[in-house]
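Following this line, the structures themselves.
Across the two complexes that follow, chain A remains constant while its partner is chain B and subsequently chain C.
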Partner chain A sequence: MGSNKKERIVGNKKSKVLSSLKNLGSRVYNQLENGFFPSITMPSRSTENINYDPDLRQYILGEKIVLRNSRIFTQTRGFTQLVWAATFSHELASQRKTSTLRDVYYSAQAYEMVFKDQQESNNIITDLETVLGLSREDFNIFPEERSAVFGDLTIAYTVPGYEGRTLNLTSHPDGVLIGPALTSAEFVGTTADKVIAIEKGGLFTRFVEENVHKKFNALLISTAGQAPRATRHFIRRLNREFNLPVYIFTDGDPWGMHIAMVIISGSANAAHLRELTTPDAKWMGVWASDIVDYKLPTYPLKEVDFTRLHELQRDPRYQTDPLWQKEIKTFLKIRKKAEQEAFSRYGLTYIVDEYLPAKLGETK
Partner chain B sequence: MAQQTFQEISASDFFYRNRDIAGFTNPTRAIFATIRELVENSLDAAETIKVLPDVYVRLSFAKVGNQESQVFKLRVEDNGAGILPKHIPSAFGQVLYGSKYTLKQQRGTFGLGGKMAILYGQITTHQPAHVTSSTGTAKIYSFKLMMDIQKNRPIILDRRVSTNKGQWRGTIVEFCLEGDYLRAKPKVLEYFKQTAMVNPYANLTFVDPKGRLYKFTRGTTSMPDPPKETEPHPYGVDVELLQRLIQVTPYKNMLEFLKNEFHRVGEITAQKFLAFSNLSPRKNPKRLSHAELVSLMQNLKKFEKFLPPDSSCLSPLGEDLLKAGILKELKPEFLVVHQRKPSTYAGHPFIIETAIAYGGEIPKKNNFVIYRFANKIPLLYDEASDVSYRVINSMNWSRYKVTQDMPIAIVVHICSTKVPYKTVGKEFIADRPEVRREIANELRGVARKLQHFLSRRAHVNKEKKKFSVFIKYLPKIAQFSTDLAGKEKIPDIEKLLKSVRKFGIE
Partner chain C sequence: MGSNKKERIVGNKKSKVLSSLKNLGSRVYNQLENGFFPSITMPSRSTENINYDPDLRQYILGEKIVLRNSRIFTQTRGFTQLVWAATFSHELASQRKTSTLRDVYYSAQAYEMVFKDQQESNNIITDLETVLGLSREDFNIFPEERSAVFGDLTIAYTVPGYEGRTLNLTSHPDGVLIGPALTSAEFVGTTADKVIAIEKGGLFTRFVEENVHKKFNALLISTAGQAPRATRHFIRRLNREFNLPVYIFTDGDPWGMHIAMVIISGSANAAHLRELTTPDAKWMGVWASDIVDYKLPTYPLKEVDFTRLHELQRDPRYQTDPLWQKEIKTFLKIRKKAEQEAFSRYGLTYIVDEYLPAKLGETK
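Moving on, here comes the complex of A and B:
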């Protein structure tokens, strides 16, 4: 019964994407038909137009609108690229094929649309996201996959050739890549009652080996550094669809702290997008205070680390929970950082046996 | 000092001994200077009777010599006025020959160029010169001549008269000389090219010793008005000239002498001047002592009430002809020419004509190509010493959005009854303040026009570039949006393209 409803949602989403793209095409087409140079408006992505929304608990774009006008010869090329990107995305989505940013860059050449470099084509895709208010994954353009999920979650594929086939994500101990197929899959069911996202692939593997998913009844996700947007969206879905609490486990330094923050509150770069954040997710460690409490092996903070800490101190996303400011201050005080693996000084299983239970209890 | 030298040796002897100063420095220069002097005489001969010049020059091997210097036979034919038979021996065999000392703009200034060339030929080969000429009468006169250098007199070796069946008019000069053509070749060819540029109404033909034909065909049939002869202006005379004027004048008193032998001196001005310099109007000029002569010359320069010389004695090329010549030889993308109002220096009237040409066959170098002309002759040596070169190099070209690496040719033509050459070799113009100022003002004017052209061209290029963007991408936008909107018919974008096509773009 639930599965039917979800199917409809997925189907709706897909037709919404296709019709948005088609609408864009009609807008341009009609302007040409009426004898005008076509133009497209979109929210500005300049820094002064990126604001933090405390209610949504993420960055959003402000009121400022920019016009992409094909009449202005410096914009004509970019405008054409944008229309091409829409056409290409429509083709991908309607044929249910996927592509990567790199692939887009090369595919353009088949249409005699040459991009100067990868950056130019990436920017055009971001423009398209902004115009439509959809993320590129919605129109089947994916980054290179590197993050993975493991645990008792059953999904049903919707990709061509696999429609309706189900998979339990405990079936492969290296985890299953969070790629296009998994991103577009429907969630059938899970017995887990929490999600643990882990910054590093090595530790993710350790957790699988140590049966953390069983011991803590958790779904494990390897973010492999900064979590890709597909992964952030995946985490959000687990949180929303199954009401699972999300715990994020990173290195004990400003960079790790920010990996957690992006999963929670999103990034400024994705201010034009929604549904990539999980505002209720918790950063469970490694905290600066953990470094002190567990007497972890450390490295001294470097100049860049301090600079970053000062930036984060002022960042509106770090004003939401007093935990952030407290930990930033502690980092600044102890002038040290520690990696997730640092717990191994107490033996390979210490982190699972001692640290995790303590922290899960603490962050609840 | 020059005066004393003239008293001691003959004029031809003097120039024989000092041939370097007339441009016959070495075998290379000798070939160049010889061709140049004779071509210029021919052009003058045609222009005085308002005939479009046809000049044929042939240089051939006369005798095989060593590598450095060979004996050549030079033949120069023209369709000019021709020379009366009684004048032919002196005109070609006597240096500084001339009956009356009037001034007009001429190519040769010293009246010795052609003779110097023949003299040089005689010195180096000991062979006579052959001169054939007719003024268009029933007879053609041919002379075989040599020059008595010590006495400055022509020696007639042979004289023939033939009937002029074809009513031919002109002069043919043929003689041998030693020289180095191989080295002179680049300058000789450049000389012809530049001569063609500044004499666009002339046909020039040159056959070199290897039999190669270089032809410069006229690009117009209009000619500038020939210069009028005029008396020297008081500000411009020196003791030497005064002496010569006194020698030839038929007037027996100072008042008449001044009135008739000087430019822009009338009865009243002459009287005022004589009062100013304490000379009796009745004094016979031929009786002036040397000291009086010197003081007269100084007073002529000091007296402030002489009217400035007028420019009727000048024959500038004119903007249209200069334009035609440059278009013909450089085929530039852009050309601006301008003629300045007459001006004077030291009693000599002069006119500056300039041109700036851009693009076309003008090469891109690290410097501008500079073409210097004086009285319609190209100046090919000592560029860096020339006043034009200095003016051009001291100008702030960046003000005109011009850089030295652009394909730009600058033409400066000075016309004067007395071109302020620095040397007898007529290679470069002296840095006279009046001349420098005129050239500088003139160049600023044409440079501004070049700037307008360049900025307009930049504007057109920008429009072209814009248009090429539209023409490239608009059809794609139409195609993609048609596909994306799921339509059949591609929108017509011709109107849109037409609306952005600006005037001036193709």
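Moving on, here comes the complex of A and C:
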């Protein structure tokens, strides 16, 4: 894609966010002008309205609609909070300032808007996401957690003071933080032909040191545990904008498996959003069968691990690829788990020299 | 300082690490050649041997010495593990590869060295730190946690593939990760005249967006909660190498206060180390008295907060500056705590426009 087209995409996203927020405001004004108590409708996020969509390969919201009506006394508070959240988000997005969920809670007090606690303001922000079909990161509300990326990707910033400045993501060998500035950047170009996401920070550093980005022509992502939403969106963009296949590498246990799954198919909590998944991404290890094949050092599965495996076995997201059910069964059979670092029992570089090439050949 | 002198310092550190490890090995060989069972001595790290030193303003180890003697059956295991840890650390440092504590545990198995669990291998690495008086980061064993820095500091890398390459730490507005590569870099130069360390990542981003680095001519550090040791060492270097005063800004509660204290005076756990403290750094807020003066939104102190405040009241580190005792008393009196984000109740930029200038004027 040419750089002009990219700028249009990023520009479009920003103006889409602002115009969505303005439209919401206009709807409220129109209702008032026509003599109605204003109200806002949105899809229900209650459990019975969350369904797995096999085509989209993610959870989506069903047909059930809920109303925030200023005329109904018990809904006036929620309606007012939602309109305030939209106003505040519009301020953030148009002034190009970022915020956090916690900050939103305190900022409300500057407007004499009352939230009982942060949970209540968090819920209202999720309501706003649902109404607009946009992620809170789109209107500049970011989480505290940051993960990192490394490799030959050149980006161009769009944040104030850095507009048009480019950065190549090999610039810092500790990895480049995926915060608001990188999230809102345009992708200029890459020579990589794949993305490798890694759960553990220490292993990410090992991969950089061992030149995995060069040897495997890859962009490396450190998810630092469960990938923050900004990182999941970043991975999706790499997959969509450059057609790069994505390989995910986690600990060999139900929790690691699910870190991969949330990158691939998202979570039920984000059923109202569409831009956080990468359905074609592949979980490449540590599989239960790797534990057997590579004779890895292990820990015994605990009760909580077994419970989780049985939950995942029934989860619709784990029905999409026979790999998941096969590996869950193997975990249940061997009753063991292994960490990514377990490969170090064969030497520090075994994972890069032997395991990675074997797996990439296998999963390609 | 000229760049030649800097290179010598960094080069000296590296060769100091390698020669310390070699000396340890030579001592073992000499004992063997002279017909003795080899043994290693080190200061005891037991509680009664940890004392607060008012001159160094940190905890130090006392005179009590412990022995790891290969001749004594119950000590043979510990002795062997310690020698192995030294060998492995020498390999890491000379091959310039980094590792983590977890990786050390698994790597041992590649040498048929047995550790009962990771706790046992962690302890041996701390033994090695104690023997050498060096931090495990010096022999390339890094934690998973990373914090970040932003501002006009130019560094020159020393890691393989990046030797001599420079980076200015305004290059990425999300902040530059303080990992192994940045930790081992030389400082080339800075125009900043102070360091501001911030507990919360969201606020760090706010400070970058509001150009605090320019307005206050500061380097900004995101500690991301309790500062990792590499970050504490990084702050100390900025203070020592450039004579920069350091101001620390945390939540207004005993836990935030102690995040500042650990940057200033270190922890009892690191009593065997000397390069992790910045005794002249100042805790600048959120003070208990700020909660009163700025009428901040608060939460009530919980039982666990009160217990912690009483502990800190007796802690020798909190006897060094009357500020600590005064603020602890105020917390106990108002029975409330406040987060850094609480200033947003006066608008998003109040903290930068009003609070920071007031505090920097006061604490300078």
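Throughout what follows, the second predicted complex is superposed on the first by the 361 of 364 C-alpha atoms of A that agree within 3 Å, B and C clash if a C-alpha of one lies under 4 Å from a C-alpha of the other, contacts with A are read in each partner's own complex, and residues count from 1 in each chain.
In the analysis below, contacts are C-beta pairs under 8 Å (C-beta built on N, C-alpha and C of every residue); 3 or more make two chains touch, one makes a residue touch a chain.
Please read all numbers here as calculations on a predicted model, not as lab measurements.
J.: Would you check which partner chain A:W84 touches, where first means chain B only, second means chain C only, and both and neither mean what they say?
T.: Only chain B; A:W84 stays clear of chain C.
J.: Once the shared chain is lined up, is A:E144 touching chain B (first), chain C (second), both, or neither of them?
T.: A:E144: touches chain C, not chain B.
J.: Chain B or chain C: which reaches more residues on chain A?
T.: Here the partner covering more residues of chain A is C.
J.: Quick one: is A:L24 in contact with chain B, with chain C, with both, or with neither? Answer first, second, both or neither.
T.: first
J.: Output check: A:S70 vs chain B and chain C. Expected answer is one of first, second, both, neither. What do you get?
T.: It touches chain B, and chain C stays clear.
J.: For A:Q109, select first, second, both or neither according to whether it touches chain B, chain C, the two together, or no partner.
T.: After superposing on A, A:Q109 lies in contact with chain C but is clear of chain B.
J.: Scan A:K97 for contacts with chain B and chain C and give back first, second, both or neither.
T.: Once the two structures are laid over each other on A, A:K97 reaches chain C alone.
J.: For A:G35, is the partner it touches chain B (first), chain C (second), both, or none of the two (neither)?
T.: Only chain B; A:G35 stays clear of chain C.
J.: Going by the contact rule set out above, which residues of chain B touch chain A in the complex?
T.: On the chain B side, the touching residues are 465-466, 469-470, 473-474, 476-478, 480-487, 491, 493, 495-496, 500.
J.: In the complex of these two chains, what residues of chain A are touching chain B?
T.: That would be residues 21-22, 24-26, 28-29, 32-33, 35-38, 70-71, 73, 76-77, 79-80, 83-84, 86-87, 90, 111-113 of chain A.
J.: Please name which positions on chain C make contact with chain A in the complex.
T.: For this pair, the touching residues of chain C are 97-100, 102-103, 105-107, 109-110, 142, 144-146, 148, 157, 159-162, 167, 171-182, 200-202, 205-206, 209, 211, 224, 297, 339, 341-348.
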